[in-house]
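Chain IDs A, B and C follow the sequence of writing; residue 1 opens each chain.
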Amino acid sequence: MAGIAGYGAFIPRRRITTEEIARQWGKDPGTIQRGLLLQEKSVPGFDEDTITISVAAGRSALARSGVSPSRVGALYIGSESHPYAVKPSGTVVAEALGIGPDVHVADFEFACKAGTEAMFVALALVESKRVDYALAIGADTSQGAPDDALEFSASAGGAAYLFGRDDPLAEVVEAVSYTTDTPDFWRREGEFYPRHGGRFTGEPAYFKHVTAATSRILEKTGLEPGDFRFAVFHMPNGKFPLSVGKALGFTRQQIEPGWIVPTMGNTYSGSSPTGLAAVLDLADPDDLILITSFGSGAGSDSFVLRATGLLPQRRGLAPSVRSMLDGQHRYVTYGEYAKYREKIIVND
Amino acid sequence: MPSPRYWREIPSRYRLEASRCGECGRVSYPPRHICPACRGANLETMDLSHEGRVVTWTVVHVPPTDFLMQAPYALAVVETPEGARMMVQVVDCDPEALEAGMPVALEFRLIRREGRGGILCYGHKAVPAYPIGDAEEAEMQAGEMEVAHA
Amino acid sequence: MREVAIVAAGMTRFGELWGASLRDLFVEAAQQTVESAGADRVDAIYVGNMSAGQFVGQEHLGPLMADHLGMAGVPCIRVESACASGGVALRTAFLEVASGASDLVLAAGVEKMTDGADVTEVLATASDQETEVYHGATFPALYAMIARAHMLSHGTTEEDLAWVSVKNHHHGALNERAQFRREVTTDQVLGSALVSEPLRLLHCSPVSDGAAAVLLCPLDQAAQYTKTPVAIRGAAMATAAMALADRRDISFLDAVALSGAKAYEMAGIGPEQLDLAEVHDCFSIAEICCIEALGLAPPGQGRHCARTGETGLGGRIPVNTSGGLKSKGHPVGATGVAQVVELFEQLTGAAGARQVPDAEFGLAQNMGGTGASSVVHILQAV
């Protein structure tokens, strides 16, 4: 059965607290923290972007898989902050990882679910035997507009998944996708910051699609929430994934290990993929894992995975998500944050 | 930087491609046609490990224009286990904490942008292999790093 | 090869010379030199210049300089070796006379740095573009790494570096053509702004405009031009690995040692016989490394010499009596020739307040970039 032959993640090492951002705009930090269930988020350096994060995550995925990069026949990067508007991120990442030139490369965009999009297609290519191995990466360094709710959550990070048919670390039991045209959050060409529909992003967007995709995959597989060890949902803030998980019948214990948003923020296309990496760091053989993403526009991809005996043997070959979240990091001031995120106008 | 000049250097900048002299074994980075040690012309390419140790360093306070937003930044000569040396920035650390012999990991990073509309130029930078001053954390991360390259 | 003499020397003031263009600077120094020898036309001209193309958009300096000197027709070649351009121009002129190809050759150096170019970027082109500058290295950053390596190997301190600046400012205060004619203290140096750790503003030579020139002829024709010729006894050039990462020992300047050894051998003397030296103190650490490489101090011990007075006027081996690059100024392509102008004045007893008594042998060492090229001349009063 096709599945995940290797996985990896990368989270930049700078952080900014919700408190620091709230102070900038004269808001009460306590209210924000309680409302969004966010403490702090990752901040990319001036030298970090979707490409560099993808390379770091990709290296870890290849290391865990033990697969030579020359055998990777497809590479897909999903992001809403590709460094170039025209020129693929995937070609740079492929060359950096030693993949190619006999490789199919494409960049994906679907707001926050571009990462799982890439995973859906990579899986299908491997299942169809068109390629032996396909690497799918979800990574972002997205922006939140100043003094907007999204500024508290928009962060940077990503995860990579190498799909293959032989000896996966986690088998893919099923994959579904649910999509409608819903203008809840968007960014026009040439605009620096995205815009959103406020409360419209909740029920008609996030909750509707996550619920629909998850219900469909449970129906298709004949599984119930109680059968799973872990459930990972897209994390635009701390509250939404807990709410939707509870409404679907999952417990806090199932959701919490993958619920890394309170200290990481929303890494957009990297969000649920990084949450998945966090649970793969912990899963025992035969554990069932659910992951449902959400991308504005709107849609959700849902996967059911089963961990194998190979997972505990291989996961030590690259850094864990927890080690990146809790390990060496440095807090920045709002001024530094604004500098790194290019919110300060400078002469050319 | 014009595209062709950047593009030619991709193997050495993206994959740390170096050359080893077939006569004397000296490893040169970036790759060379003639060995600087013995003038041998029989060189084979190889990729360097993504780790090294700091040989010498500085902290740049007055940067070139392209690096204005990054200053102050640390710049060091780093030596890999293969014996090749390279100049790289050292990031994600307190610049004052650099020490001779400090172990570093080499990470893929964006090095420079050609203005608003030009190409993006990538390469590697060094990050400390473990946080300075935290021995337990250091051991754990050093252990992870060794395993990652097993 | 014939014996070669310097029969005249001249230079402009060094500094931010807003009113003077590159052409103005060259003509002033060259004309001063040629006039003082009573010569009207020369057989050939070599002009050292690092980067007129980038500083003022002008290449093809050779014919332009000859033309503006009123000597169109005379072969004139621009010579480049970064900050060693002047010294290398002089060596090339020396070879033209020594070989018998010409009897009267002008060796000049000129640089115009203040016309608005990004000086940091232009100077960085003297180091490795693909492996050093690409990553954000500047000149001061590279010398700072050399300083750090020297500190790690020999215990050199920031204060040791400061004493070099103090000494050279003390000398420069006595030189009417110097850019900075004021003394500085170690406190001022150590309190100046950080440029690239451990180097501070007052450890670094300034951005300058200026030109210098010397006139060469066979020694046996010198009497036609001057009563006080000075013989060039040694003229040697050497190279070393460009990138710091490719060097044998980052704290030791191999090209300086090699060019020095060849010059000593050619002149038939050793470092102990020198009465004074002009060395390339683009940064304070450079002076320390250069005097070690030239055998004027044992390796690792160069750091004491400025503080103890060994390399000051009146000391064992006065170094940079002109004020050095630090205080006199450093119009890049002119420096190597200006060093020799100082030696000429010292060896002909014309150095005024800076005079080293009874000076017979002087050495000028001029290097490019972070020492990837170095050229050494040894002169003797005759």
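In the analysis below, a contact is a pair of C-beta atoms (placed from the backbone, for glycine too) under 8 Å apart; a residue touches a chain by one contact, two chains touch by 3 or more.
Given the structure is predicted, the values throughout are model-derived calculations rather than measurements.
Greatest Cα centroid separation from subunit A: this falls to C.
Chains joined by the most contact pairs: B-C.
Taking the mean of the C-alpha atoms as each chain's centre, subunit A and subunit B sit 28 Å apart.
Subunit B and subunit C have Cα centroids lying 34 Å from one another. Each chain gets one centre point, the mean of its Cα atoms, and the points for subunit A and subunit C are 59 Å apart. Not a single residue in subunit C touches at least two other chains. Counting partner chains per residue, subunit A shows two or more touched chains at no residue at all.
Counting partner chains per residue, subunit B shows two or more touched chains at residues 70, 89, 111.
For subunit B in complex with subunit A, the touching residues are 10, 14-15, 47, 50, 68-70, 89, 91-92, 107-111, 115-116, 120, 122, 125, 127-128, 130-131, 134, 137, 140-141, 144, 147-148, 150.
Within the complex formed with subunit B, the subunit C residues making contact are 118, 120-121, 124, 130-138, 140-141, 144-149, 152, 193-199, 241, 243-246, 250. Against subunit C, the residues of subunit B that register as touching in their complex are 9, 28-30, 36, 55-67, 70, 73, 75-77, 85-89, 95, 100, 111-112, 121, 123. Residues 13-14, 45-49, 51-52, 55-56, 59-60, 63, 83-84, 92, 95-96, 98, 316-319, 323, 327-328, 330, 339, 346, 348 of subunit A are the ones touching subunit B in the complex.
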